[in-house]
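Labels for the chains are A, B and C, by order of writing; each one numbers its residues from 1.
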């Protein structure tokens, strides 16, 4: 997937780019609206992340200018959670907005939701052996058989899918899945993993428990 | 502030004081006039008496002759029971009467002169006239003097004075009553302005547009100027909050993003815990900033409430859609269950209210539960109820819950500033609606219900 | 020594004054205490004694010293400073003159407040009886004649029967009697028949009296056929006592003079408290409703006042008019001219 990040704060942009890169996405970065215009002229993007306050203008004006000829979905990044800003952004043609500072899990979820809604050409699939995991649709496909997953199941499975063969600790899963919520216990992780394990079993996917360390996905085919 | 008396009372007292002065003055005037009038009456009778006697003066056998007509004294007796003294002198020789009666300068012949004197240590009023009588060869100057004590005059004057005092008192009493009425009437415009201002909502800072009496115009101008300053100051602080939020949130976002990246790369548990703490702190700060900002928006918008006609269920659906990704991250289902519900109000404020409640509901709900948004409407009222399957509100009272920055007792561990309900309550108040907190009866686990009631359009 | 002389002189002076009083009757009514109420009065002792006794029933501690003099004597005595606590007189004009000239002390009480306005003057004079002037005739001597009803009738009667009435007509000697003078001057004011009546009487060799009592005696005993301007209270008393029925009281229908017997406290009074108590009793009796067993009439309007048609002689400064020396001299001259035309 190819993202265009329009954000004047370099540190934030740096972190976002790094984070998206970890998930295997390519990110172009523009610090001004002028840069962004150039980028748009030279490439096609699956998704645009647009900051509202930019040194050479308001992101929403940029949105209004390009909306007509732009097919790429846009998520507005705003520091102002103010309702009027959000409504304004949506009115100008943004697909969604997210308030700074944001949780990457939420950003991912919103991105997926937007892409799903737009039903465009963007695809984000991970192969787990014979099984194809469509992150946007939240489906598993194997031999014409389709299994729809629920939101948290998708996110949990994505964590395993992006690190095939690696052991993921319970605390790591908790951080990613529950956004550092202190009320969630490791017990909850066991419950979720157990549930996911039962769901994907029919597709021939196994999640192995590594005692004392965590969980690991097995992608090998087991008929 | 120094304590000051009520203007109404002061005005009443002032008018009453004026009435008192006027009463005393009128009483004094009537008293003086009464004394004067009775004195004149006595003078007239005395003059008649003197003239009657003088008319009997004649010369007979080279002697001045006279007789005291019965009527001369009878008329004196008719007006009062005063003592009567008289004297007739011819060339300073007393012909008859009281020899020791004081003398005084008499005027031209035939003219009656009056004089007040003391006789036998009692004040008397005297009248005298002089006639020239031809006796033999020469002329004799005969002076007739009649005097009367002044008890009767005094008594009548005192009676009149007493009557005047009574009327003055009555006048005073009426004047005091009227003063109260006048004071109340004069203060009515002031009271009306006060009532108009106090009827306003807490954030309504529009200028007071009223036809005020000229005397109140400066007050009204000053009031409006103050309101204006207040409004500007609110706007400035709102701008400040917005700016501050931006300045804080962007670095926070950076910190959070970097921390999250770092969490992925560091190995030590201690370092990971530290990073988690950082992320949680950032989340708490950003949430507080967000709600402060929302609150500023509410405060600003209620001041000039937009009166759009809108469908509450449509608004709710939009809001629900925006919240959907957040909810689904926790496998919480959002369900809208309602009919068309036209209301009049500010869509941004109403959206803000719904979003705050939903945000709360999602935050406090357990995984894999449902938050239901239910809309019903009647002719007069529209109800929007948002119920979760969470722990409910506990035993805290509504006022305590809505009080700014207070959080319910059942919120352990979840990030939130507690401003949410305050915002909702203010939005409802601005729309002439109300908010009720109940515990759901639809499922056995309880759950909190927030019910908005708005007037139907 | 000098003080002694002074005291002696004072005693002489006082005694001379007291002895100068022309006393007609005198009685001392002893009381249980030392207090003495000294009354100077024109009312006969016989008529007033019941009142004194009634007073002493209420206030037995007070002795009453009662002296009867003529009305002009009373007036002169009070003017001269004779010491009395109470002056009762039928001569209203003289009483008023005393009060006007400062010889009376003010007095006020609940009892005198109840008097009608016309029955008091200021706080000085209080009326206790209302008595009218009447004509008293001896019916024997009127044998065959119509009794006169008006002064005109009387005038005609006397004029037409000079033989029968010569020397048999009596009236007050107004030069001596204060009451007579009062009645005469009031007659003068009221009717022009008065002087013609005087002239007619003057031709009949009239008998002149100081007092009503003697006139009534003479009528009763046949020495007089007719007495003019007699106090009806005396006449009624006599009539009640008389069994013979030769005397008759005639009330003139044209008008009747009603005199008020009045009381005042002289400026020289020593026991004002006792005097006030007596005034209270007398005025209370004066406004009584029932005639009762009293020698003198009340102030009741149903009595002589009703007959007069004019009300009593008015208490007021006008009464002093006839007391003016010039006026009095003129009046007496005229009266003498009419009465003594022999």
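Before moving on, here are some points about what is shown:
FYI, a contact is a pair of C-beta atoms (placed from the backbone, for glycine too) under 8 Å apart; a residue touches a chain by one contact, two chains touch by 3 or more.
Note that the structure is predicted; figures quoted are calculated from it, not measured.
Averaging C-alpha coordinates per chain and comparing to chain A, the farthest chain turns out to be C.
Put simply, the chain closest to the centre of the protein, by Cα centroids, is B.
The interface with the largest number of contacting C-beta pairs joins chains A-B.
A separation of 143 Å divides the Cα centre of chain A from that of chain C.
The mean-CA centres of chain A and chain B are about 64 angstrom from one another, to the nearest whole unit.
One simple way to say how far apart two chains are is to compare their mean CA positions; for chain B and chain C this gives 80 Å.
Residues 65-74, 76-78, 81-85, 95-97, 120, 151 of chain B touch chain C in their complex.
Within the complex, the chain A residues that touch chain B are 9, 11-12, 15-16, 18-19, 22, 53, 77, 79-84, 86-87, 96, 99-106, 109-110, 113, 150-152, 155, 171, 175, 179-183, 188. Residues 242, 245-246, 249-258, 260-261, 263-264, 269, 272, 276, 279-280, 282-283, 286, 289-290, 293-294, 297, 322, 324-326, 328-331, 347-349, 351-352, 355, 367, 412-414 of chain B touch chain A in their complex. Residues 99-100, 102, 121-122, 189, 314, 316-322, 324-327, 330 of chain C are the ones that touch chain B when the two sit in their complex.
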